[in-house]
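Written below as structure tokens is the structure these notes are about.
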Amino acid sequence: MKKIEAIIRRDLYEDVKEALSEIGVQFFSFWDVRGVGKTHDKKQYRGTEYDTSYIERRLLSIIVNDAYLEITVKTILDSAATGEIGDGKIFISPIDETVRIRNGERGPEAIYYKEKE
Amino acid sequence: MKKIEAIIRRDLYEDVKEALSEIGVQFFSFWDVRGVGKTHDKKQYRGTEYDTSYIERRLLSIIVNDAYLEITVKTILDSAATGEIGDGKIFISPIDETVRIRNGERGPEAIYYKEKE
Amino acid sequence: MKKIEAIIRRDLYEDVKEALSEIGVQFFSFWDVRGVGKTHDKKQYRGTEYDTSYIERRLLSIIVNDAYLEITVKTILDSAATGEIGDGKIFISPIDETVRIRNGERGPEAIYYKEKE
Amino acid sequence: MYTLDNLWVLIAGILVFFMQAGFAMVEVGFTRAKNAGNILMKNFVDFCIGSLSFFFVGFSLMYGTDIVGIIGTLDLSIVGDSVIEFEKTVPLERTGLNPFTDVWFQSVFAATAATILSGAMAGRTKFGSYILITLVLTAIIYPIQGHWTWGGGWLSKLGFHDFAGSTIVHSVGAWAGLVGAVILGPRLGKYVKGKSQAIPGHNLVLGALGVFILWLGWFGFNPGSELAFSVGEDSDSVLNVAKIFITTNLSAATGFLATLFVTWIRYKKADLSMSLNGALAGLVAITAGCNVVSPGGAIMIGLIAGVVLIFSVEFIDKVLKVDDPVGAISVHGTSGAIGTLLVGLFHTTEGLFYGGGMNQLFIQFIGVFSIMAFTIIVSYVLLKGINAIFGLRVSRVTEIEGLDIHEHGQSVYN
Amino acid sequence: MYTLDNLWVLIAGILVFFMQAGFAMVEVGFTRAKNAGNILMKNFVDFCIGSLSFFFVGFSLMYGTDIVGIIGTLDLSIVGDSVIEFEKTVPLERTGLNPFTDVWFQSVFAATAATILSGAMAGRTKFGSYILITLVLTAIIYPIQGHWTWGGGWLSKLGFHDFAGSTIVHSVGAWAGLVGAVILGPRLGKYVKGKSQAIPGHNLVLGALGVFILWLGWFGFNPGSELAFSVGEDSDSVLNVAKIFITTNLSAATGFLATLFVTWIRYKKADLSMSLNGALAGLVAITAGCNVVSPGGAIMIGLIAGVVLIFSVEFIDKVLKVDDPVGAISVHGTSGAIGTLLVGLFHTTEGLFYGGGMNQLFIQFIGVFSIMAFTIIVSYVLLKGINAIFGLRVSRVTEIEGLDIHEHGQSVYN
Amino acid sequence: MYTLDNLWVLIAGILVFFMQAGFAMVEVGFTRAKNAGNILMKNFVDFCIGSLSFFFVGFSLMYGTDIVGIIGTLDLSIVGDSVIEFEKTVPLERTGLNPFTDVWFQSVFAATAATILSGAMAGRTKFGSYILITLVLTAIIYPIQGHWTWGGGWLSKLGFHDFAGSTIVHSVGAWAGLVGAVILGPRLGKYVKGKSQAIPGHNLVLGALGVFILWLGWFGFNPGSELAFSVGEDSDSVLNVAKIFITTNLSAATGFLATLFVTWIRYKKADLSMSLNGALAGLVAITAGCNVVSPGGAIMIGLIAGVVLIFSVEFIDKVLKVDDPVGAISVHGTSGAIGTLLVGLFHTTEGLFYGGGMNQLFIQFIGVFSIMAFTIIVSYVLLKGINAIFGLRVSRVTEIEGLDIHEHGQSVYN
């Protein structure tokens, strides 16, 4: 199993979600993060310009079976890319084990997809 | 060392915290995430029903020594399960190294437990 | 590649960011978390003292090439440590792959540093 | 100067109306975000229900021709009249005021009593049942006991002094709320192994704004209760109204400071949420006697109310273990009772400290006690009945996930 | 009692002024956080522009000597006068009031009309273009149609009854807003595959506070429109003002309850955001007839307005597919029109239900329709023009990332 | 018409009271969340302290029998009187008003001065020390300089014109705040390597609501300062009061627009936080001359105040490097001084532009300067003293983690 962490533009979240849903990736978690990088929000306040030095981003954390890795990554690339700087990154890391809290089930079965139901 | 990421119902957080504390797992971090899955919050607004398409969840990130892995997982299962859909998941992944910022200490010592003090 | 997750005092964030920037680590994500541990915030409300049982923390998630691991950790240690309890932790875990969403670029090139531009 | 009296009372009524916003902000601020919408709903609905029910039923029960000192004569002709005609819809001409002015001012008072209740029952009450309670309170309970003192009933004959309603308005709401809070039981998680837990309000800025708005409204509530501004050419009422501004303000200010300094000593930190309640305690307490105490007396009343408040909150929370999320029982009940009793001490002609003997104090005690007893008994029967028929408390899951989602299908923060 | 009249109207004007804060809170609360600063800006700027433009231009166009029933005589001497002198700056002495009192009260009304518009156009309008629209609305559009009824123009001669401006103030703002919303098109993401999506307001607590403030302000808006308090020694106007308090309040309360219960049945849950609109619908609807309907009539008007509101909101949203983020078109336009028409039924002497025949109803219809037609046509031309020259809608990226950052360079929450 | 005068001044006082809520919201909104509770505490506590201290001490110092033009005679008999009796508690009968009316209106003014100070010192001042400062300010500093102009002292004899207190109320608060901000030094992180950093306010919606409330309150502040409504049967004061509404509103509106457009040009974006300050600048500036300038003059004053504000904020922030979190020094100090000076130009009979010569301008200058000098010197001594004895600034850790947790043991948002 792999964990895919995708840091995307917040405004494209709905598109990514739709795209993932279409390929059957219907379970994931997300939260809002701030990204430090080359793109910033420029703001001003009472005559002082300032730079928040970050931009608002959304992080999607998706655990997938190895078989699903590539298609999931591809789907994110397709739906989250605008081609402009600031599109974000995808990080892939290993997951040893998954447990479904409801019934203690372990392993790949704990991450089910549409077609399995 | 392992990282345990438990995505649980927010309302059960206190119970899980208590249960972990009893087995000596007194250090962890948590934050609120939104879970996309089969359970949704149904809302309405001005005559339009809508579906937030996510539920509010809490993510606990607990780094443990390998020896503590199983008991921690079990404790979470015991305290966070209601048996209903929507109980959440536990993901386990490898951690290479832990460093205590205060003094630069590394390795398992950096994650101490009650009984070691 | 490695993922460095540093849980630091919120108030020292600016210092850490500066320090990282100086060594060329200019890309990372962060979000606010709550840390359960020995340090708590003590509060009172209408005559009842209570303990939030957590402190406010900031989590920095930095993906680096292996070569950058040590210097990054060292820099965080230098800038985030006060020597008092509550300084936080650094967790290092493996990253299999990084993808730049903008153009699908993979591997170490997807995490670029100042000097490479 | 009939016109001037009307102008003043109409404007004072506007200020009292706005107290609804103050109550809403205080209650929202002092409770959790997940129930904020429900609290707003309740604050609106009780004002709306109260405006209608008091107009059609409550007003005549309160101020209609006295029946053996207990109740006014119900006059349902107002219903028909109000549909057909225009001039005569309010049949009672009891003061020097235009009847419409009168009913306006009295309606906003009735709605205030109803609103107080919602604070004590916040976070766990079924919305439908709450609406029923509000209806009975404004149409029946409030008017009956109000009749006793303000409508020419037995307490007024006795000489009970509750000028603007420390007891008649505030305590009545609070005692009904006490009964509600007891029957409902505490919110989930409020008492863990018998120990009271803090459930901090989610936005004390709103709470503070609410207190400012209430304080503002009180300058309609108390001085407006003079119901005149220029009676006689000697203009006694100008003097009275102006004095009530001073006594009201001094008591509120002292109440805030008293709570502030006592919490500072007692808890080591100056407690904001409690001090906000302290100002309200001073306001509630001065309400009964604002027209007959001296500025010095007002300060004493505020001081006593502010100090007692702290112990009342702790007592109700930790000893009685009654869960009153916004402190309504202490602020409006305890302070209302104390303020009414203190008239017996600080009344500048009848008060014990001013050589008036024990008589007034005794009468005040009878008034406070009998209204408390009446309200508690009647609301107990009412709430138990509603509880049996419709249920009073929401389900466990509704309470945990928030009344907003389950009762209203939406959250206020998005 | 000239002084007393002035005092009342000045104070009523203060209350109407404060409605700006109410509108601001409602609009901010009912929309998204990323545009909150822009909405605040708009609410301030329309009041500021309106205060100036109506003082110098609008007032004389509205109340100046009538020209063929269509428009008042523009009197630019006020500009010069106001710089040089002090006593004579307002040349029109048309009521028993001091001219300054008069212009004060009328200015805050003009600003209200302008503010309504901003709600319907929220979340996507260019700030600069909005300022231009506001200017034309308060200096020209509002005064012209206002002249027809209140300034002695043709509608007043016909006998059109719109006492405090259900149509003249509220509908005008709403119809202009409708035109704006149509020309702008919906916010991004509002309609997905032709289906309306919910875009919930980010802070309904602020929305509710805003409704309380508006309700408060309405006690200046309606009773203040009597423009007197003591005309004649018999004091007719005292009676009128007091009655208007009652009718206004009853209609608002009923409007809230009507919406509450209907949504409860229709959506299974009692809908807060809609019920808040329901109270406003009751207020807007009673505004036209508040001085000539009975309390029972006021309740009927509030009831009808509260029920119609729900269907109006749904119709505009789901059938017309016009994106009106805060429901301004329904609350001010639909309710304003309905309330004005209902005067033809509930007027206690001229109304159909009171034996007055169809005549008044017919006149009301003419008034509602002609003002709607005029406003829609003129604003269409205006907005199309501005759209062509400056553009009306912000860029896609501005809209997505929020007007606050792009138009004002700062966010309101930090 | 004595009664009418009292009615108006009492109501105006209510509006001024409510400005406390406005100040609280502005200050909370313009600063960070972690200090919000502390700011609320301060705003309440200064009103409470001020209500008491001004009643017992300040009022007689300000309006008591003049001693060599410098100070009024302290009359402590009020303390005893206020405890024992009722009718005579306010010994000074100096206007046509009831003494209670008078002291009510003057008290809320004194509290306003105190509150201004808290904005400039926000985010780093010890709560206990702040209470002490407030006490001295309302009991001694404000009354003494107030006596000079309003109590019959030397400035009034000179002909200094500060009708409602641009200088006497607003500048005094601001100059004391300036001294406080200088002695305290900037907040941590405000200046990094000598460069000013933006520390954005955490909730500009609250800030905007606060400005609306302040604007509202100003319709009590300025027109209420007429202290009459119907003097003489010719009713001169009706005219005056009505005109003050107009001048006040025009100046505020122009101030907002001026700041808006200048920031739009200067910063490329129309700056909300600054424009909000611009409206306040217009209000503060018109306060001195609201009764003697023409509407055109009011617009000029608002315009100048709105433009100068921007540069004043930048100058204080970037050149002087004094950290004034909410802009209180510019809004109340700079604008207050400018507005007072501009009376010398725009006074319609005495002003330079109206053929009155340099005389009035010169007198205005003396007034502005002497009150500034007095306030700065006295507060410097006071604050240095408090600093030496109790310490003025909180500890580093308190400041970093927030005053709410450390000073009050609770956070406002949970």
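Here are some notes:
To keep things simple, chains are lettered A, B, C, D, E and F as they appear, and every chain counts its residues starting from 1.
To be clear about the criterion, a residue touches a chain if its C-beta (ideal position, glycine included) is under 8 Å from a C-beta of that chain, and two chains touch if they have at least 3 such contacts.
Just so we're clear, the structure is a prediction, and the values are computed from it rather than from any experiment.
Shared contact partners of chain B and chain F, listed by label: A, C, D, E.
Rotation angle, chain D onto chain F, C-alpha superposition: 120 degrees, expressed as a multiple of 5. Of the two chain pairs examined here, A-E and C-D, the one linked by more C-beta pairs in contact is C-D. Separating the centre of chain B from that of chain C, both taken as means of CA atoms, is a distance of 19 Å. Rounded to whole angstrom units, the spacing between the C-alpha centres of chain B and chain D is 46. We define each chain's centre as the mean of its Cα atoms; on that basis chain B and chain E are separated by 52 Å. Between chain D and chain E the centroid-to-centroid distance comes to 34 Å (mean Cα coordinates, whole Å). Those residues of chain E in touch with two or more other chains are numbered 4, 7, 11, 200-201, 203, 267, 269, 271, 273, 409-411. Shown for chain B are the residues in touch with two or more other chains, namely 31, 43-45, 93-94.
Chain contacts here follow an irregular pattern that is not a line, a ring, a star or a complete set. Each chain pair that touches appears in this list: A-B, A-C, A-E, A-F, B-C, B-D, B-E, C-D, C-F, D-E, D-F, E-F.
Against chain A, the residues of chain E that register as touching in their complex are 189, 400-401, 405, 409-411.
On chain C, the positions that touch chain D within their shared complex are 43-50.
Within the complex formed with chain B, the chain E residues making contact are 196-201, 263, 266-267, 269, 271, 273-274, 277, 310, 313-314, 317-318, 327.
Residues 2-4, 6-7, 10-11, 13-14, 17-18, 20-21, 24-25, 28, 36-37, 40-41, 43-45, 47-49, 51-52, 55, 79, 82-87, 89, 98-101, 103-104, 107, 127, 203, 206, 404, 407-414 of chain F touch chain D in their complex.
Residues of chain C touching chain F in their complex: 11, 14, 41-45.
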